[in-house]
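Next up: some structures, all given as structure tokens.
Here come two complexes built around chain A, the first alongside chain B, the second alongside chain C.
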Partner chain A sequence: MKALKSLLDRIAQRVNINLRELEFDVMPIAHHLVPLKQMTKFYAFYGITPNHSLSLEFRHSSLAGSYFLGRCRTNHSILYKTDVRGDELQKKGATFTFNGHTLTLAEDEIIDVQDSYLVKTLVHSYSHDPESRERFFVTNTLSCHYANIHGSPTDGSFLGPFATVDLTTMYDCAIGAYCYIQAGEIGHFHADPGMVWARSRGDFNFVYHHPLDRLKPYIDFVPGKAPTGVFMDFLEVRKKDFERVFDVVNLQRPKGIPSNASLDRYAVIKPKMHIAENVLVAQRAYLENSYLGKGANAQENCYIINSRLEGDNVTAHGAKIIDADLGNRVFVGFNSFLRGCPHCRLTIGSGTIVMPHTIIDIDRPLTIPANHFVWGMIADEADLAQNSMPLEDFARIDGRLYRGNLLFEGSGAAFVAAFQKRIEHILLDNGALFDGKRYKGHAQRNQNISVNTIQPYPEGRLKGMYPTILIQP
Partner chain B sequence: MKALKSLLDRIAQRVNINLRELEFDVMPIAHHLVPLKQMTKFYAFYGITPNHSLSLEFRHSSLAGSYFLGRCRTNHSILYKTDVRGDELQKKGATFTFNGHTLTLAEDEIIDVQDSYLVKTLVHSYSHDPESRERFFVTNTLSCHYANIHGSPTDGSFLGPFATVDLTTMYDCAIGAYCYIQAGEIGHFHADPGMVWARSRGDFNFVYHHPLDRLKPYIDFVPGKAPTGVFMDFLEVRKKDFERVFDVVNLQRPKGIPSNASLDRYAVIKPKMHIAENVLVAQRAYLENSYLGKGANAQENCYIINSRLEGDNVTAHGAKIIDADLGNRVFVGFNSFLRGCPHCRLTIGSGTIVMPHTIIDIDRPLTIPANHFVWGMIADEADLAQNSMPLEDFARIDGRLYRGNLLFEGSGAAFVAAFQKRIEHILLDNGALFDGKRYKGHAQRNQNISVNTIQPYPEGRLKGMYPTILIQP
Partner chain C sequence: MANVTIREIMVPLSEYATVREGATLLDAVLALEKAQEEFEHYQYRHRAVLVLNGEGRVVGKLSQLDVLSALEPGDSSDAELKQLMRLGFSHEFIRGFRKQKRLEAEPLKNLCGKAAGLKVEAFMQAPGEGEYVEATASLDIAVHQLVAGDHLSLLVTQGDAIVGVLRLADVFAAVFHLMKECQLT
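Then we have the complex of A and B:
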């Protein structure tokens, strides 16, 4: 186990050097994050398909539970139950447009993770950084439970539990628990817990701060201790259900799944689920007693329980939907927590957009009308009145809006348009719009994946470490 | 599936070129051997431990069910449910003695399999070829169900079902069903089914031919058809039991196993087994309602059912023991088939040696005394009288002995001594003699193996083929 311990130390030291200007010390966090003794028992995973170009290169990485699809590389990294998903990587010669310039990829895109701990973190490959298109690096980074690095080159950063960095290039930043940051390029920035920030330079700036006293019962993180609160408890009681799907080599595909829908082999599907056409259920999604209408998608780490989603719904990574009825094309952003109860259902009308990292937790029935925009912390009608607005009204903002803990500056129209464009892109990519011929997406392409498990050395000095593994097409 | 098909064709053509002098055509055999449709469903396995030096290199090999431990390499090979076990490979600098010369290994030994089909074949790494110590190659070889290439460089050969090539270097040979060949270097040799040949040039020559009419009910092989007979039927009805052990990622270790005994994770352990100290149970062994005394070993593909083995027993690869009582240190050679019945138990006294590829199949009780040597086909007392001899008497032979289908030439003493030396070596290697400090063997070293599964492309042109995989320490 010696090699694993010294790897842990080395990574923490490197992250600390990167964060020295912020005077942020990850050491007390680092040693609590990775269960050394468990690291020998975990498996890592990678998938192979003819549709994703393969280039895995693991060198003395310790990796557990990872899910590599598409080109990837990792080096001295501890990826502990982390999803690294390269299925949107572009190939050499692909073009992309940035600020009016059309650029061509000189090489296939790859994901490259070096000297990082990523604890139950999602790393996805939707690229955006115009400066580093071919290589998605995540270097000298320490990321806590259920964080989310979404399409993000990052270098020398800390992410607290349930933090999301979305379409962001970030250098030497410390991002607090449950922060959502989608801000283009940022550096040497320290975000306090519960910040929700979406910025497009020159267009708009959306900044919301969760009230810390109300956030604390949901997620509380003190360095040197495990995170606590409703989010962790919610996940903890459902952990057992995942053990079964990871313990069996060949799972029976549940019956009644349409041939153009895709159920990941490592999702938990409890009774009674209705799954319609073009539905995509990703790895580690958890579905129970719910209805997923045509083209709905359930992304990684999301939970959908006792709920009805009419169709073309996007339930983003880590979102939880309990006792709720969602109309058509409702978007629920990353790590949102929407909880009704059997006698107080949450109803959300068609076309409504729930901002990432929104908490709606009610003990009386609550209805959010169609085509609204919702954000922040909502426990009742009063919160809803403050933290929502018809999309049409939001699109009319031009200038500055203060509303409770929200500051919005710039063009509401640009903000709403950007959101709707992205939802369209997600539905298209996920195969929600597949018509039997056109618009094939993940739901149709990811159906047949060979999932491979790899294991570390079981004892000795290298205990918990993996051998060097190179896999090429 | 195109790539897999053309690989199959290419290998068969190469084997045919090698066997052109023997006018042996493997084409009709080749196309029947590998279930193309199944090849996408099978997994391949490799184990990692700190005790075995690792160097796996799979390049466009199609491999299923293989078990690589220790250095290995394979190339364009189809290894279909084959065990390749490199756990006796020697390291660079190790010395060995051959005909009085002491030689030193210039490199670590490796196993190298190229352009071969190996169907449910065992390939083991106990080296012997003085000309090719560092590299164990198995090139342009087609081997049928349950064949056994034991420590053998081989080049351009065909092995029929249940054939064993033991400590033999073989070039361009065709070895019939159920042949056992341990003859040093052979080339351009065609062995008819059921030949049992053990030769040490200058010392002894043991040649037995199973009577073909009596062998046929046990194993019958017609090119272009699957093998048939008692052996195949016996395996077929027990196939289901193996599915469970291969379908579950983490199996519970059965209780009551001594800490110095080793049960492979891919063995079938049915109720009620007694497993004593220093016992070694290898991969794909099948144990049911039996007693394994101290230091007994159950090697790959062996079956021990309703039997009692007192201790220090060697049950070699592929041997089957049913309704039998075996005294201390009874050796049962490769692929032997010993079948009593509930009311007609087979009893074998201590120290007795059962020659590889011996069939003892009785419908009345039969007792073989202690310290005897037994070979060939035995159904009753009369057969036993012809096909057995006290070891002491056998050791007295000096010259030529004809007895039934047996011809023995040379020194009986050398023959018996060589056998006993080998048994001693097997017990030592397997850890049967471990005293808590000294004589650690496989039973103690192989307890903690990380077993990894790998899978082929699930669809497309490469369906059934694997990506290139390189694994180094």
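Then we have the complex of A and C:
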């Protein structure tokens, strides 16, 4: 395992060099995130479909339990149970407009992971960096459990557990646990745990800080130890269910799934599920005793348990919904944790937007009306009153809002419109709006994915490392 | 300018307001008041207090702004305000934020009462590398250090010891005097 150990040291050193200005040391974190012996236990796998470009290149890397789809290159990297989902990468000839210039991609886009250590991380979407549209890079970076790198080229950075960087190019940043950042471009920035930041320069700036004393029971991360708290406990007790889907080669597709819905073979589907048309269920999603109405989706690392989603619901990467009833078109953002209980259900009215990284954890029934905007930490009616607002009212903000731990500056109308536009795009991309002819999306295109596995050296100096592998059509 | 030395225009340490480590902000304010009363011959009033350690060496300087910072509501610390700027909020927004925090905070009278008992170490500034000047140095050296470092005063040294304080106001007065002389000759 010497090669793997020295690779880990090399990556940690490179990240530290990039973070020297912030005086942030990833060394104790890197060495205690996952025992290295785990790197030999799991195979890596990749998907092949007629609908996505295929170009995979793995060099001097360890890929235990990781999944690849589309075009990806890993070099001098360790990916542990990480999903690199390249089904939204841009193709050669695609055009985009920036600052009045229309540019064309000179070649197919590729996700390029170099000198990085990613643990249970999701890399998805496409590069939103106008300076690097052909190369979605993740370099000199360490990311912890259940981080999301979504459309965000990242260099020289650290992402804590359950952190999300969304549509943001990031250089030399340390992002604390459970932070959500969507800010266009950031550099040399240190975000404390629990910060939720969405900014569009010139339009709006939204910042919420989770109260640390209330966040700590959910996610507590101390360098030198694995993350702990409610989030990790919740996942841990359901880990066994995933072992079966990863161990069995040929899983039988559950009955009664409409032909235009997509159920990934690496999702856990437990009894009494209703899955309607145009539903998309991604790998590592977990569904149990729930109703997914037409066009609903459950993205990677989502858990939907004892719940009813009426239809066209977006449940973004890592979101959890337990004992809840959601109306039509409810959006639940990245890594949100919505937990009712059997005798105190959470009800969310149609059209409501739950901001990414929102925690709603209740011990009495709670109803959020339709067309509301919800954020932050909510345990009861009082929290809800402070951390929610009708979308119509939020859209009227023109200037400033100071409300509890929320700071907002700019145009509320632009903020709401940006969210609604994005939800529409997600539904379209996911195939929720497919009418039999038009608007095919992931739910229709990702149905028949062949999966191949690849394995590391079982013994010796290279134990845990994968040989150089090139996979092309 | 070169003919005037620092020693000629500095305030000797013995005439400056000082407190020992462990003193409270109230002790520092009283020391400042006392120094101002005792040394009325200075044209400009003292605006800072030096903090000395057990051996009598200067370990910090407490300005009027440092004392006022003790009255800031806990949530709007310097670090937090800097963070808001980094996050891209406008100056107007940050002003509004501070005002909001002030409204939510305790009345100023209560804050003053609490601040009086706080230790000077929590608010003093340790002198930086460019804040020392030799007693034998010329005035132009001092002007350069004050301007380049954006300082309100410098600590005057003789060997290893601090022997006085060179205040911006005294340097300005000396420069003003020289300017007038130049015009007359």
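Assume the second predicted complex is superposed on the first by the 471 of 473 C-alpha atoms of A that agree within 3 Å, B and C clash if a C-alpha of one lies under 4 Å from a C-alpha of the other, contacts with A are read in each partner's own complex, and residues count from 1 in each chain.
To be clear about the criterion, contacts are C-beta pairs under 8 Å (C-beta built on N, C-alpha and C of every residue); 3 or more make two chains touch, one makes a residue touch a chain.
Since this is a predicted model, take the numbers as computed values, not measurements.
> Could you look at A:Tyr43 and tell me whether it touches chain B, chain C, both or neither (first, second, both, neither)?
first
> A:Glu424 in the overlay: touching chain B, chain C, both, or neither? Say first, second, both or neither.
In the superposition, A:Glu424 contacts neither chain B nor chain C.
> A:Asp380 contacts which: chain B (first), chain C (second), both, neither?
After superposition on chain A, A:Asp380 lies in contact with neither partner.
> According to the stated criteria, A:Glu392 is in contact with first (chain B), second (chain C), both, or neither; which is it?
Touch partners of A:Glu392: none, neither chain B nor chain C.
> Identify the partner contact of A:Asp241: answer first if only chain B is touched, second if only chain C is, both if each is, neither if none is.
neither
> Count the residues of chain A touched by chain B and by chain C, then name the partner with the higher count.
More residues of chain A are touched by B.
> After lining up the shared chain so the two structures overlap, which partner does A:Thr453 touch, if you call chain B first and chain C second: first, second, both or neither?
first
> Could you say whether A:Asn205 touches chain B, chain C, both of them, or neither, answering first, second, both or neither?
In the superposition, A:Asn205 touches chain C alone.
> Provide the residue numbers of chain C that touch chain A in the complex, in ascending order.
84, 86-90, 93, 96-97, 100
> In the complex, go through chain A and note every residue touching chain C.
It is residues 183, 189, 197, 199, 201, 205, 207, 400, 402, 407, 409 of chain A that touch chain C.
> What part of chain B is in contact with chain A in the complex they form?
Those in contact with chain A are residues 43, 48-50, 54, 246-250, 448-463, 467-473.
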